[in-house]
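Each structure below appears as structure tokens.
Presented sequentially are two complexes of subunit A, the first with subunit B as partner and the second with subunit C.
Our next item is the complex of A and B:
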């Protein structure tokens, strides 16, 4: 009998780690990622003969609280039917009682991997615009993500953009069983609490809650809003900060709060002290820097008040129009107009040159 | 403003300005009114044609090519008419005329409202 190699042992350990999917229509192919609450696997849906991403709770959950949260996550995301939000296909329990759900398997790269120094800025901004639109849609349905970061944005092979990992969003959005919670009842609770209801009553509402679960601050520090880092009550403007932090990454290639080994860093996050993007790269346009800094302003009141306003400024920038975050000098206005109308200026100048040359020619 | 109307107005303005450049040539002074009116009419015709093309085809290359062609053809028709001494001014009229057509083609493609499509 020959001894098993380390590789074989490693594979066997991995297989033992796989959840038992007996009784479901799925079979595991491989592990894709490990998250805070559960693991995500590439699974094959035998009934529909397609690959899906299967998320299953992996950490011990004696109280059943995490299972309930994961179930709520599945319910909330299932309601967010938008091309920019990863769709949920199925939810259920494994034979051992653990909750799982399946969602679209997105092949591609995370925004973190997709962004390369040579990627044209307008291309990145167009992708970013679609992220903003997806988040705006979620807000209009009363859902805030709370963990927006480049690693949670997938860019598919055909340029599709999907916002992933809505796990933390649940804690902020629903405090009752979503299946029995109507938009009206949530709207009622929001208005009782005196909080804004983005998107109006018909579009749903949300109840901002302290972002702590059992004393834990949720989110990713490098992209976290100051109020989130301080453990305060958050609302949809914490996602505006998250979007601004993603824009910061797209512009500079780094997170707004990157140095965690420094003792001052946690304090910097709580105060929202960010190094301006142009400090990292002087080629970043001032108008874009202003948009970014407005979105990640330390005070939520100083940020864009909705994802729609943020998107409007990004679109205006792409179209060569003035943006609300930046007051231009007359010289900058002229330069922007010239750059936007380069071709027409070129033809008019060509016309004048031709006329002048014809005059000279006639004079000879 | 619709694309044909935009073409008409811009064509009239550019045509008039183009005609006024004849003031740089003292020998054309006696005919300046006729030149300006003719040039304006030429601009209006070019603008309307190019505007209608822009309404039908939303393509910058097509708009520019059509603008250039229409500008050249109309300018050629004007340049065929000799002055009182029997001189022709093909170069002086056709090159600027083509550039005016180019401007019209570009502007009517980029600006101006398209007609609303009938919905289902």
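Our next item is the complex of A and C:
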């Protein structure tokens, strides 16, 4: 009998799960990850001589429902052409009938791996801003991700940020609600341009979508919005919660619904009870904490109503401007103004000191 | 005498029909030949894990471990150890390891009263090879993990041998060579090898390499799943085993 080393065992175990790529232009290299519906492999595209990530359905699918979902996922992502969203290259069926699609292979780290305690907060916030922009774009195309979390964000070697795993994304249907949409609203203008925009005053115009598949609640508990955890219908504001949960992680290093590295109790998640970020670390700025808590508010109505509004607050924070989520005291306004105009204050103070010294010298 | 059903030519073929039924269920058969065949199948896959477990977990030297392995499988045959197995309560592997632990403790107690071995029937097993593989497992202290790892090693090693044998007799040696070169040797060496490299090396087209490798992987998977099915008592346990032992979701 052959003596197999542990390396052999790992390789052969992976092999048992390898999809049969006969008839395609891809050759398999190794398994990269296992998702809810399928596995992702590193494959080589012989035609274009490049590596790609190949996702294939791996769980039994007697009804064909999962294959249909994967095909839908491929189509959903394919229409999201944005630098912050992983592009789809190809979609098809293997010889055994299973659906697969290939996408850009991103080398880098997930946001979960990228965030280190010593990573400067402004750097993290700028990355986060790009995540928000990608999600905002998806919403503008009527697509809700529904499983936003740090593990689904890749940070590439050149600082590029890509939102991954649109496996449970939903293409929501936008309908105009005359009662809530005004002729000059952003959604109206965007709709005219063929780009439905959720959020803001037009948030109610989204047709809510069921959050279950075959009776299963979709999403990741530690980052899940309360309405998802309750199995209710969701709209794009569950992604606002997801973004807020990512911000929570960036600030504290942990998920909002996490207790000692395990997901919090289902009841806490359903109620949306989170520990404020500053409880974990008093150095977290109050304004950022307020932004984060607004984004993960238990009620969707209390959250930012669009990813754009959320991004605006992040940018305002980075620029030292007031944020909508936090009412400052006069003292905080003064401190922020001082901090933002530090250089000018320094010049003025220096000028006054010099003038004073000159006057003093002449007086002598 | 119990044959080592996984060693050498014809490994695993004579022990149980090609499309395997559960050897665990067959152990309860009223037919002696069928029970014997089922036990041969179980022994074929489990004797190495048992031997290495005794060596590493019970810290016995090679001679003592050989003696205990022989005695254990003979006792299984003579005393119908596995008749008490209830699939609803535990996996077969867990049950077998519990039986083994009890057996060794009992043997230890009896050691002072009676010298083992001597005129007993011997099981034909290649302990020399098992001993040469011990170094692959050293470092794993957790008993369950150790036993599971050795079970997987035995399962997959036997499957590779069966595949080799099937392809040799079926005139598909080239298929196996490709499989061995790409999926076994490359894993060991970490060598970067593409299908194009293989095509050049074997004088084949890339399409042929792709097809041969796909066929070999398909057959390897079939053999592994057949062997695993024989080691489980129910469809539920089988699916649980392929998920936990092999880390895959679909059969």
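FYI, the second predicted complex is superposed on the first by the 312 of 364 C-alpha atoms of A that agree within 3 Å, B and C clash if a C-alpha of one lies under 4 Å from a C-alpha of the other, contacts with A are read in each partner's own complex, and residues count from 1 in each chain.
Note that a contact is a pair of C-beta atoms (placed from the backbone, for glycine too) under 8 Å apart; a residue touches a chain by one contact, two chains touch by 3 or more.
Not measured: the values here are computed from a predicted model.
Enquirer: Would you sort A:267 into first (subunit B), second (subunit C), both or neither based on which partner it touches?
Expert: Neither partner.
Enquirer: Identify the partner contact of A:58: answer first if only subunit B is touched, second if only subunit C is, both if each is, neither if none is.
Expert: Second partner only, subunit C.
Enquirer: Now for A:20: first (subunit B), second (subunit C), both, or neither, which partner does it touch?
Expert: Second partner only.
Enquirer: Name the contact category of A:358: first (subunit B only), second (subunit C only), both, or neither.
Expert: first
Enquirer: Which one hits more subunit A residues, subunit B or subunit C?
Expert: Result: the larger residue contact count on subunit A belongs to C.
Enquirer: A:348 in the overlay: touching subunit B, subunit C, both, or neither? Say first, second, both or neither.
Expert: first
Enquirer: Considering only the touch criterion stated at the top, classify A:44 as touching first (subunit B), second (subunit C), both, or neither.
Expert: The answer is second: A:44 touches subunit C but not subunit B.
Enquirer: Contact residues on subunit A for subunit C in the complex?
Expert: Result: residues 1-13, 15-18, 20-22, 27, 34, 44, 46, 58-60 of subunit A touch subunit C.
Enquirer: Inside the complex, what are the residues of subunit B that reach subunit A?
Expert: Touch residues, subunit B against subunit A: 21, 24-25, 91-92, 95-96, 99-100, 102-103, 106-107.
Enquirer: Over in the complex, which subunit A residues touch subunit B? Could you list them?
Expert: 343-344, 347-348, 350-351, 354-355, 358-359, 361-362
Enquirer: Under the touch definition given earlier, write down the residues of subunit C that touch subunit A in their complex.
Expert: Its residues touching subunit A are 6-7, 11, 48, 126, 129, 132-133, 136, 149, 152-154, 156-158, 160-161, 183-184, 186-188, 194-196, 206, 210-211, 214, 217-218, 220-221, 224, 246-250.
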